Amino acid sequence: MIIGRVYGSVVSTHKLEALVGYKFMLVQCIENGSLVDKFLVAVDIIGAGIGEDVIITRGSGARMALGKPDAPVDAAIVGILDEKQA
Amino acid sequence: MIIGRVYGSVVSTHKLEALVGYKFMLVQCIENGSLVDKFLVAVDIIGAGIGEDVIITRGSGARMALGKPDAPVDAAIVGILDEKQA
Amino acid sequence: MIIGRVYGSVVSTHKLEALVGYKFMLVQCIENGSLVDKFLVAVDIIGAGIGEDVIITRGSGARMALGKPDAPVDAAIVGILDEKQA
Amino acid sequence: MIIGRVYGSVVSTHKLEALVGYKFMLVQCIENGSLVDKFLVAVDIIGAGIGEDVIITRGSGARMALGKPDAPVDAAIVGILDEKQA
Amino acid sequence: MIIGRVYGSVVSTHKLEALVGYKFMLVQCIENGSLVDKFLVAVDIIGAGIGEDVIITRGSGARMALGKPDAPVDAAIVGILDEKQA
């Protein structure tokens, strides 16, 4: 998994039917205690807020996070860190 | 997922039978509000136009986007962003 | 998927039994209209020739391309581009 | 798999129910005998200590390491190296 | 797949039960005919020797190489190249 900070939400009105209802967050990656110039979009199913540091699972594990093995996603926020990492 | 801008279409007359009928778009990745020198080819099943900013699912999740678990693809456009990101 | 140019073939006499009969091509990646210093080996099942620009599917989708969900591969040439990209 | 050194633990009180009980370690990657500026979070199921060099399996194989094909993870520590690598 | 040169073996006495009996090799990646500063650990099931150039399958395909869909690995040596690549 990787660590990142929730940067903001991503709004897509026109998307696949299977994605309706999910909240997409733009997350900035953290490496070695610093925010780096790498971003990804992750589905948020635990209610992470902007500015919080989170754990992100990528790949097929993200679908497991959603409990939907056929969800067309590749990244999900699976935990909020107790302490800031950057 | 990652964010990118649709750069153009990719035409391949000679391809696998399983890919016939799909539209392939060349997408330029966006990092931190800027277009970067990284491209990928994604299947478009939602009708994204050139110049639009989109969300792309990679890996096995792209097959889920197509609703074909055995499609030989690894990237699909799953949503069009309401606002430009770069 | 990514775009690359077929650079040459890769010969491996001593390989897994499951790979016997497949043709392995060394492909040089193309980014933004230029050949870059990144190579990968992809199974060729559509008869791509050296110097041709191709679409490559990576990951589990490559096994779908072969029609063998248990093939020990992670990249396959799935289409030949009509126009050169670099 | 990749090699890394266990840097510390990662605490997340608010996480997915499916992750409760697992120990998450922050691991610093090792390349060519040196610690590099790349980190990842891996589930530890073999009791690796801080400062130990470990083997990490990423992707769907990490779920196999946990013996839970539906665990929402993408990295797991699968072995502790007998000798330091950096 | 990627090409690399077998650099040495990796010894891990304390590892997951599912990995006992497998031989882990440290492989240095080759790009464009040169050894580069990128390493990975791959399971060797074909008897590759140190200094040999090999083809490596990564991801879930590595489990297929082992013939064990539930093996906790993500890279396997699947072929030895007839000619040195670097």
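As written, the chain order gives the labels A, B, C, D and E, with residue 1 at the start of each chain.
One rule holds for everything that comes next: a contact is a pair of C-beta atoms (placed from the backbone, for glycine too) under 8 Å apart; a residue touches a chain by one contact, two chains touch by 3 or more.
Please read all numbers here as calculations on a predicted model, not as lab measurements.
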Third chains touching both chain D and chain B: A
Intercentroid distance (Cα basis), chain D paired with chain C, Å: 31
Euclidean distance of C-alpha centroids - chain B vs chain C, Å: 19
Per-residue overlap in chain E, given as positions that touch at least 2 other chains: 59-60, 62
Direction chain B, origin chain A - full chain order round the ring: A, B, C, E, D
Residues of chain A defined as touching chain D within the complex: 1-3, 31-32, 45-46, 55, 57-62, 64-65, 69, 76, 78-83
Chain B to chain C touching residues, read off their complex: 10-16, 18-19, 24, 26, 28, 37-42, 59-60, 62-63, 70-75
